[in-house]
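Have a look at these structures, which come just after this line.
The same chain A turns up in both complexes below, where it pairs with chain B and then with chain C.
Showing the complex of A and B:
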């Protein structure tokens, strides 16, 4: 009875090449940690090792670009357009965060080796969130990312605000993870599988349709928390304000885009619309409606609250909430796509949006880190009074990032917005059209607080003494990458979007519009 | 029949313990009630033919984790919990949301009861230790590897957070505290969370 027959065992279908980029990042994390334990506090060495690891990982990722969409490990890992485009964004975010962190490491006593290792493990988790085609992998990736960010938010241990930030993020984040996990369990109960391709096949005829709906709702709570959508956004400003600025940059950009990658895969590819099947149509309509309402609320609350802030980090936190709303417009557009090409184009648009948002926001946070001085003391709007002509390079760069966040033509932010609004308009649906109009109105509202920072920098008088800080080499590199990114993605976006538009794994798709 | 009776006894006990955990103001009583919840749940797992999960529930949750919790409570020597009057208005909102959740739960029960019965495979041995072991090292090999990295990282994180503050960090903490007092910022700045 208790013997295992070899032919009864499931072949794990080991496919190492498909997870090679992830493995390299994890290995680099281990190497950094070991190096740091022998030669502690060598921030340039561990930073360089991390950057090299990320570069090698990116190299292998790019070399996979022209392969056809494939799955491995019994369908647990999918290598498709969604995975490739989001993963390249994660690697970029991680690399730029390491460059920005050098300022922080210079000013304060940071356990830098451990910090680099945590950052790499967080990246590893994010990569699995994009490549996981199975709820198990997605959840593990999300937990790896979350636990690393909980710790990183509290790295400035002598600072009460940083402690508060880590504690708040930990408690609320665990709560959200529990919701997500419960949702996954219910989905498993309803469909009998954790594999997203199989869930998509089973959606037409689930065991228990009600469980599918409740499970989907709980997953919206869990993912909604991670991407910071209203009403699951309350943690964002406090956590972003208290965490060290480079970590805030990483959370605002990295965690958000990773959560979007899984969110897209589970909802767009896992819960597709199968025309003529009642269970599937009802599920699809429910999640599209719920997310559309959330998107409108997210944009509005994010922008209006951002106007009221007098701290630059809090302003950027609320702006990141608003940007999650804009990205959701493209997400819902992908959900409402009428054919596979449109759907893949919409997914590519969301990935491109996260790329533009990443370069812009990382650049902005890099300057906030530098101007914040030790312990992020100078992050209020009045600390930016009149620095415009005393540090013109920094002020003009920051202005460029603000204009890109606003979405001014010729910057990356503009192209990103155009790309995510287009699929929603093409759906020809009243609710989606209302959503795009709300997004346009909100863009106009957001001009107030983005331009306010520029006005403060250039047209306010400064009463106290202020010396322009020296820009360290690593930060110069980070700013160079982000400025070039903002301009390049704003002007020559077609090539990048074409590269991102690859078909996705998940073939369940029946053309048809909802009656 | 016996299973049904066991289910009702232990499900009731679990709910009673859960209520007692929330109700008690002494954290130690709450912790002990929580142990009751875990033990009753593990009995339910046994009736569902999942002996491995039942054993793990007792060993890890009721055993290791709760011992840790009880130790922490005793070491910290906490006072009795006082209700937060400042946040009293939240009770109504919380109660309302809880009610919605309860209605939703009953709706799910109702919908599941009405759904056509699924054929249950009686040969299924998913809950047995051996099938869990074989699944972990065959089908779920990759997730197990990812958990390895996750645990490694959790250890690093734990070590960073509990390490003694270094001299410069202590100094900067004192400096910030003095600065804060100097500026007289010790008013509560609870911003209205939007």
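Showing the complex of A and C:
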């Protein structure tokens, strides 16, 4: 017994600084919380502290960019292409959310310091979801994110809609976490390990093959809830509509991409195809087929339901469901990749897709926040009637975001879609080709409701008085970042994609085509 | 005779199913929350059973994490339910019906 313990301790793979970006975000969260408890009446200091913390964290993250893929904390943390590219998206999302929410915090009496602290803790959880190479870390990251977002959804304590949103999110979210956790337990049972690299080695020869399949299915349920894929999407519209708009933006972009990061890590890197081994082939085929069907359903249901909405927030909620479907196309492309380069390129494509979706959707939600006024009263389509020429700056930027969500060439949304559809087409598989065709048809369907908002703004008459709101400085900054992002990623996307295409830690890969 | 691994797994499967069915059919938010806790404890049983089967400590370690997360979730969840109760004087989820198509 003693010798075993000693052997393990001789040369542990510690690599402490690997989690430095995460630690900085957590530390900033603690500082914000302390500052807020000693100086409770501040409105913007904690926001500034949070932004500085996020910037420092991003600096350390970027300085790690050129390191070779590595693991630390005894294999529990992985720093590879998937972690770096997703984490930079999370930091951006968090920073822009802080800028957007300053508007809302000024109009309403919300505990702003607590909100910033929660946002940072949620970001911390998201970062661990991307860097966790062990089911324990992924679970803890997911729960840190979820528990913080439950509170943020209910931050308007006196508002019935916000209460309801928080309660629905809490009950359905923890229900989904329980499924995810059961999946993790069964995977642990089937393989005897919670480390994803070890699981990948073990899928060729699991101790209990049936449990591996059931566990994988349970994890699809759990992650499916978090990324809001059909049929696990029912909570999304209600929760997104009821939550304060900046929080909705954060959930729609941040939580979704974080869930995608761990979803990718567990399925693409943890359950790879090992040619010639029946257990692994069967598992791989099962999850690819299940997710392909889910992706097609997600895109279709999301887009068709979005057409029927009268509320802009609900419309964007269904649109976010549809976008989860598009991102899954790239995800499945990564799962079907024939070699490591293709796989890493497909993972980078999903990360890039989430980046384009982040800048576009955050921008759209920034304008919805500003136009929604206090308590998000004005979020129906008719509230946007005829504002086009009275607030041209806002209306034209919102139109740009809608066109990018639609995927018009020269916008970020277009490049994102091209990037995620390509790996799926390259796989030369009937199901995947059908999926890409479904995605293209769905893009056409989505034109109806994205363009409808533009039509409403510019070509409808307004019956009531309406004054264009003054655009506050923080919101101007947020809009500037997002507009530049939409144009930059749409036109000069190559550099970013190249930066994202770094290899991942997963070593198990035996090239082979499916029979 | 010591119970086998299969009997522990069967028990945890049954407990998990009871919890899941309870969440779906119960209308009281507190009751639903208790069912979720039951599901988490069923998972803990699975972890401990496998931990013993493999003589590996990872499963037990995971259980500690699950317990602490469940405690944090309980604190936040009950807070959310209380704030709902203050505004609606009810913890029935059917009263949570403002946000609908």
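Following the convention adopted for this analysis, the second predicted complex is superposed on the first by the 500 of 515 C-alpha atoms of A that agree within 3 Å, B and C clash if a C-alpha of one lies under 4 Å from a C-alpha of the other, contacts with A are read in each partner's own complex, and residues count from 1 in each chain.
Just so we're on the same page, contacts are C-beta pairs under 8 Å (C-beta built on N, C-alpha and C of every residue); 3 or more make two chains touch, one makes a residue touch a chain.
These figures come from a predicted structure and were not determined experimentally.
*Asks:* Of the two partner chains, chain B (first) and chain C (second), which one does A:430 touch, if any: first, second, both, or neither?
*Replies:* neither
*Asks:* Check whether A:171 is in contact with chain B, with chain C, with both or with neither, and answer first, second, both or neither.
*Replies:* In the superposed model, A:171 contacts chain C only, not chain B.
*Asks:* Once chain A of both complexes is superposed, is A:151 in touch with chain B (first), chain C (second), both, or neither?
*Replies:* Both partners, chain B and chain C.
*Asks:* Go through the superposed model and pick first if A:301 touches only chain B, second if only chain C, both, or neither.
*Replies:* first
*Asks:* Now for A:188: first (chain B), second (chain C), both, or neither, which partner does it touch?
*Replies:* second
*Asks:* If you stack the two complexes on chain A, which partner ends up touching A:140: first (chain B), second (chain C), both, or neither?
*Replies:* A:140 sits against chain B and chain C alike.
*Asks:* On the A-aligned overlay, A:467 touches which partner chain: chain B = first, chain C = second, or both, or neither?
*Replies:* neither
*Asks:* On the superposed three-chain arrangement, identify whether chain B or chain C touches more chain A residues.
*Replies:* Comparing chain B with chain C, the partner touching more chain A residues is B.
*Asks:* Touch test for A:241: chain B only (first), chain C only (second), both, or neither?
*Replies:* The second partner, chain C, only.
*Asks:* Quick check on the superposed pair: does A:68 touch chain B, chain C, both, or neither? Answer first, second, both or neither.
*Replies:* neither
*Asks:* Starting from the residues of chain A touching chain B, keep only those that also touch chain C in the other complex, and list them.
*Replies:* Residues 136, 140, 143, 147, 150-151, 154, 157-158, 308 of chain A touch both chain B and chain C.
*Asks:* Please name which positions on chain C make contact with chain A in the complex.
*Replies:* Residue positions touching the partner: 9, 16, 19-20, 23, 29, 32-33, 36, 39-40, 42-43, 46-47, 49-50, 53-54, 56, 58-59, 61-62, 65-66, 69, 72-73, 76-77, 79-81, 83-84, 87-88, 93, 96-101.
*Asks:* Would you mind writing out the residues of chain A in touch with chain B in their complex?
*Replies:* Interface residues on chain A, with respect to chain B: 2, 4, 9-12, 14, 19, 26, 29-30, 33, 73-74, 76-77, 108-109, 111, 114, 117-118, 121, 124-125, 128, 136-137, 140-141, 143-144, 147-148, 150-151, 154-155, 157-159, 207-211, 214, 234, 301, 304-305, 308, 374-375.
*Asks:* Mind pulling up the chain B residues that touch chain A in the complex?
*Replies:* Per the touch definition, chain B meets chain A at residues 104, 107-108, 111-112, 115, 118, 130, 134-135, 137-143, 146-147, 149-150, 152-154, 156-157, 159-161, 163, 165-166, 168-170, 172-173, 176, 193-194.
*Asks:* So in the complex, the part of chain A that touches chain C is made up of which residues?
*Replies:* Residue positions touching the partner: 135-136, 139-140, 143, 147, 150-151, 154, 157-158, 160-161, 163-168, 170-171, 174-175, 178, 181-182, 184-186, 188-189, 192-194, 237-238, 241-242, 308.
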